[in-house]
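In the two complexes below, chain A is the common chain; its partner is chain B in one and chain C in the other.
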Partner chain A sequence: MILHIAKKELKETGRSTAFLWIFAVVILLNSISLLVSYNQYTAKEEQHELARMGERDRWLGQGSTNPHNAAHYGTYAFKPTFALSLIDPGVEKFTGVSVFLEAHARNETEQVAAADQTGLSRFGEITPDFILLFIIPLIIMVLSHQTVTREKQDGTFRLVKMQGVSNAQFIIGKWLGNYLPIVFLTTILFLEAIIVIAILDPTVTWQFVVAMNVVYLIYFAIITSISVSVSALSKNAGISLVSLLAIWIISCLAIPKIASSYTNSVYPYPTRQEFQTAVAEDKRQGVDGHDPWSEASQKLAEETMQTYQVSSLEELPFNFDAYRMQKGEEHEARVYFKHYENLKSVYGEQKGVYQKLAILSPFLPVRFLSMSLANTDYSTHWNFTDAAEKHRIEMQRILNTNFAENSELGDWGYQADASLLAEIPEFEFESPDFSETVHSNRSNIFILIVWTFSSIGFLFIASNRL
Partner chain B sequence: MLIQNIRHEIRLLSRSSWFLALSVLFTLLCLYAGYNGMKLFESRAVELEKAKADQSALFERVVNIAEAVENGETPDDSYRLSPMNMSIATGTLAYLQTDLLSAVAIGQSDLYTHQIKVSAREDLATLTFTEMSNPVQLLFGNFDLAFVLTYLIPLIIIAFTYNLQSQELESGRLRLLASNPINPRLWLFQRYLTRYISLGFILSVAVILTLSVISVQPSYRIAGMLLITFVYMVFWFALSFVINVYGTSSAKNAIVLLSFWIVLVLVIPAVVNQATNIIHPAPSRVILLNEIRETKKELSEKQDQVLAEYLRNHPELVRDDEENRFAYWQGFFASQEIMENQLSGLIQEFDEQLAEQQKLVNTWRFLSPSILFQTSFTDMAGTSTRQYNDFKSSVKEFTQQWREHFLPMVFDNRMLTLDDLNKLPAFEYNSTFESKTLTFNVLALILISGLILMSGFKKNHINFQL
Partner chain C sequence: MNETPQIAIKTQNLIKEYDGKLALNDLNLSINAGDIFCLLGANGAGKTTTINLLMNFIKPTSGEAFIYGVDVVKNSRESKKHLAYIPENLVLYNELSGIENLEYFLGLAGLKYSKDDLEAYLTEAGLQNDAFGNRVKTYSKGMRQKIGIALALAKNAKVLLLDEPTSGLDPKASNEFSKLLMRLKNYNVATLMATHDLFRAKETGTHIGIMKAGNLVNQTLTEKISHSELEELYLTHINN
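Take a look at the complex of A and B:
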């Protein structure tokens, strides 16, 4: 009986030219957005490759040079692009794509794309994730807002009941009839995306794509359950539609914005200026590689002489200038670590608030899971900047060690062999694997499961009140 | 008859618990949105004051040293009077004065920085103007008054007007009404007018209450903001009017109006944004970076290698006894200027493309009342992209001025005196507000609304069939 009801629902949707048009428009929008994203992605890849290779060539092309001079010359670390960003570009346009790695400083990422766009960029873009997160839930609501109310208004519900159909069977049939067209639509959208991704990057881990598809299907199942329940509980189609639209606005637009405003007021980030001033203040408290006269440098000199049982810095078996540079780097790295850990803890608190508020909206866990699976979330960005910093610290260590071991105090004219530069490996960034991604999203997955069961519960409550 | 109708309408509204509840809800939403904006404004004001105080302390320190030198003393830190130390390490602060109206529309104020340290060493092309923030917050946006008015006001209007004629048709009262000596269009128009005035009154109370809670003083900008809000409301009332005139059932009217809302508020702004990025894409910052690095490398190869490298790493070791004590910096500033000249075309391209994007947005803004409303509203609040771009340009111009101010001293090989410190250039910037754009947008909205209303009045035949 459930299948009969679902079949009737499917037949009606199939016959409705309005819905066929909507489906066609959504598929067309998705195709266009994929095409645009594909072009942008390939152009970006090309530019990154060019800049990455140029940077490596320039680094190696310094030839024989003073190691500390090379450290100041620095190099850039570029954030790789991920094929799944085609489906969900996440926070990419707000994070920047490269970091300058140099001596003494951990730099922030540069080239924030949103800063090169007009104010309309805050309205969003027609990307597959926009269609999946905002448009399809709306289609579900429009599709199913009168699925039960119409039966009640037309009196056909009584006729169906006379056939011996239970309320639960009726509701499940309705749910299935409204959900299956969406599954069909989602499958087409994902198939399109998969074809484009396969062309771009055949090595992509398909688990991520499948997981993303599953996440969205669960999201749509939740929205369908809510829509059918509201339709069952509403007196007429108008009330049902207005109620559903209110739910959509609250969960997809209002709650994310409220969450943002709330987290920002409770756990604010420092301004760039404030952050840099605090870092500079802490840096002043320790060894500065370029300041041999500071108290910390003098203390380091005395301690080093004591350790090596020598009476002057010239007697040390290494170049103390370079040694001081390295100690300065280590102090600075600790300062940066402390301040970035503080920043991360603020981010952790903010994340906690978002997760708590996800209880109020299924949009939030899906939004976070989707970005995470596409490697375009804020955590991936943190991983990238941390990896870049680790690379910078190692780079300074190699350069300063060479300087210290192969020159004498005051020998600033020392030129290391060009091969030293090749000892610094190229920066590589490994994104987390599938199990790590799942692990870091435990909370989002849990909340999504809670939402799934709650919406099913809601469906059964609605069926009892029919 | 007309007065009787208006009285009847007012009576209906005053007895509608929905209307009263929604009015209270709307007022609360406005207050909450104002509170969010206020929190952000307050924290920004505190941070700016702190940054100003820090900068003053830095400057005072240099003044004290200069006074000591004037008194014939030789302080240890007299190196701070060098033109490089003053122009780079001490620097100065360029800031955008905090504006209380930014609390009303957060706009781009969460993306861009409001204070920036000006230093002669900065590359103008890579100056960072974005603020440190959680990109998720930027992605979601804020719950401010601009959001309430842009997104929610149209929905409230739809909720209160979607069935003004269709309900009468469905209940059969429209036939009765048509038998009276009254123009049915005029009758419907009166209903809309009464509701417009009522909602306008509630909106005024809510907005004025919010503004007074956040202590905003009345100004022509507030008048402009209220004006564009009232005109924006006119558009949605006019649209609802015409849908009622041409529509039949309440449910259909609701769906059509909601579809308009989705297309005009969500889809078109996103499509316009995407189209501007496709038609006038910003040049690649990664490629610019590549060019900057390549040019720097070429220029650095042309300089006196040993001296430049040595002094670049160790400006603190530069002695005061030779003519070339600032030789590195002379070379540095010269290189910087050559580099900026060489890359000016590429750097200019960013501004040009952004200007082209803005031009396109200005042309296409008529496609969506939300774009017309949002651009004027944020401009009046001082948080539009245009204003932040003006600020950026001013800072870049000033940075150049700041650098040029010190160049003669660098080339004269002289330290700064107390007199020099009194003659330093100061950054000044005042936001401008485009009343012309506001007038244009207001007129455009009035014209569009007028045309919509006229098309409603043009329909002579009344459909009595559902």
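Take a look at the complex of A and C:
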């Protein structure tokens, strides 16, 4: 019975030129956006590869040098590009892709794409995630808003009821008949994306692609339920369309904007100035590798001499200048760690609020899940900067240790062998595996499930009031 | 042998109020299989309300209604098995063909027929063969009503409810429609028809009921009354 109703819907859909045009336009739009993304991706990938190799050559090309010079000379850590960013570029555009790793300072990421663009970029770009998150829900609403109201207005609903069909059967049949064309459309969009991804990165973990597809299908199922319910509850098609457009504006535009303003006002980040002042203040409290006269440095010298039972720094079995440099580095690392952890806890609080607000709009959990599966969310960016910092600390340790063990106090002219540079490994960033991503998104997944069941509840409420 | 025919439609003290306003007052109706009962009356007399109550589209304020003994409120889905309904303007799915519309509604009733059977029903309902596969949006009102009749035939409906089915039909289409009703009568179908067409009521109907302000004020057999008498009877009741 339900299939019989759905089949008739599909038949009508197939004959509606409006449907066919909209589908054709969306597929065309998706193809264009994938093509644009493909070109950007390959260009970026090429630049990335050139920069990465050039940077390594530059680093190794220093030859024999003083380790601390090399530390100041520095090197770059690059964030890899992920194939699924083709579908959802997330916050990538605003976070930057490289970090300069040097002595004494944890630098911020550079090469922020948005900074390179004109004000026009503010109007957004056509990307598959835009089509999936905003356009398709709108299409579902426009196409389904009169699925029940028209039958009620025309009187065909009476004829349907006359055949002894229950309201629940009718509504579920309607839901299925309206959902299946969207499943078809989504499948085409994802197939296009999958082909492009397979060309760009055949090693991609397909679980992420499948999961993303499933997340969007669930999202559309929820939107279809809402549309069919509103259509069933509305007196006429006009009221239904206006109500659905209001729901679209509220859940896809208003709530996300309000959510970000709200979270920023409840859990504000410190300003850049506050942050830098606080870091500088804390740095001053400890050892500065370049300042042997500071109180902290004097204290370190005394303690070290005591530990090694010597009466002068020259008697130490290592170069105390380099040792102090490492101690200074460790102190600075702790300071940075502390302050970045503070930022991260603000981020954690904001994320918590966001996830609670996600109960207000099915858009939010899908937005977060999609970015997370594409490795283009803010958490991935944090993971990258943390990994880069870890790499920087390790790099300083290797350089300072070599300096300390192979030179005498005051020997700033010491030149380490060029092989030391090769001891510093190249920076590698490991993206989380599938189960980690699922685990870190359990709240979003839970809320999406709540939304799924609520939307089924709407359908039943609507069928009871029909 | 029981000679008395079966009671197809029965209402007992059926009352419908809208916000305290009486739309139907204490209706007691009994229509036998094979009867064509024509309900006459001005607009707002309660004809459509009666039909809607029998289909359980609206709930009675009090009283009961039965289709072949099945309570239409308590056992609504069961009662509809035997019902067919054709409103004044039968709207079907425009993007589907006549035969597809028929197939869809029969499918909803749990009936599945072959294409040949469906075409046979459409032919019996008087639809011209070359229109079967055309989209319903190209159909005239009379053609759409033939789909309704075909549906009643294919469903093997025992009770036909008609709400001003001939209004707006040209005389030829109206005449064809009457012939179809006579054919259904031969299948022992009980018909309740709300109409303004006194001529058609006299020609086709077996019984006439006149309604006024929610009351059934007169009931008579058509064979006992002439065209002019019917008109006079009608006007007397309406003008009073």
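One rule holds for everything that comes next: the second predicted complex is superposed on the first by the 465 of 466 C-alpha atoms of A that agree within 3 Å, B and C clash if a C-alpha of one lies under 4 Å from a C-alpha of the other, contacts with A are read in each partner's own complex, and residues count from 1 in each chain.
The rule we apply is simple: a residue touches a chain if its C-beta (ideal position, glycine included) is under 8 Å from a C-beta of that chain, and two chains touch if they have at least 3 such contacts.
Every value quoted in this text rests on a predicted model; they were computed, and no experiment measured them.
Visitor: State whether chain B and chain C clash or fit side by side on chain A once the two structures are superposed.
Guide: Partners fit side by side after overlay.
Visitor: If you count the residues of chain A that each partner touches, which comes out higher, chain B or chain C?
Guide: In the superposed model, B touches more residues of chain A.
Visitor: According to the stated criteria, A:164 is in contact with first (chain B), second (chain C), both, or neither; which is it?
Guide: second
Visitor: Using the superposed model, give me the angle at chain A's CA centre between the CA centres of chain B and chain C, as a multiple of 10 °.
Guide: With chain A as the vertex, chain B and chain C sit 90 degrees apart.
Visitor: Return first, second, both or neither, reflecting whether A:8 touches chain B, chain C, both chains, or no partner chain.
Guide: In the superposition, A:8 touches chain C alone.
Visitor: Just to be sure I read the superposition right, which of the two partners does A:257 touch: chain B = first, chain C = second, or both, or neither?
Guide: first
Visitor: Quick one: is A:108 in contact with chain B, with chain C, with both, or with neither? Answer first, second, both or neither.
Guide: first
Visitor: After the superposition on A, what does A:35 contact: first (chain B), second (chain C), both or neither?
Guide: After superposing on A, A:35 lies clear of both chain B and chain C.
Visitor: After lining up the shared chain so the two structures overlap, which partner does A:237 touch, if you call chain B first and chain C second: first, second, both or neither?
Guide: first
Visitor: In the superposed arrangement, which partner chain does A:138 touch: chain B (first), chain C (second), both, or neither?
Guide: So A:138 only meets chain B here.
Visitor: In the superposition on the shared chain, how near does any CA atom of chain B get to one of chain C? Answer in angstrom.
Guide: 15
Visitor: Which residues form the common part of the chain A surface touched by chain B and by chain C?
Guide: Shared contact residues on chain A: none.
Visitor: Flag every residue of chain A that touches chain C in the complex, lowest number first.
Guide: Residues of chain A touching chain C: 1, 4-5, 8, 11-12, 15-16, 154-156, 158-166.
Visitor: Spell out the part of chain C that touches chain A in their complex, as residue ranges.
Guide: Going by the criterion above, the answer is residues 55, 57, 77-78, 80-81, 83-85, 87, 89-93, 95-96, 100, 104-110, 155.
Visitor: Going by the contact rule set out above, which residues of chain A touch chain B in the complex?
Guide: Going by the criterion above, the answer is residues 33, 36, 43-44, 47-48, 50-51, 54-55, 58, 61, 65-66, 68-69, 72, 76, 78, 90-91, 94-98, 108, 110-126, 130, 134, 138, 142, 146, 236-238, 241-242, 245, 249, 253-254, 256-261, 263-265, 268-277, 290-291, 343, 347, 350, 354, 378, 381, 412-413.
Visitor: Under the stated contact criterion, what part of chain B meets chain A in this complex?
Guide: 36, 39-40, 43-44, 47, 50-51, 54, 107-108, 110-117, 126, 128-144, 147, 151-152, 155, 159, 162-163, 250-251, 254-255, 258, 262, 266-267, 269-274, 276-278, 282, 284-287, 289-290, 293-294, 297, 306, 309-310, 312-314, 316, 350, 353-354, 357-358, 361, 370-371, 374-375, 378, 384-386
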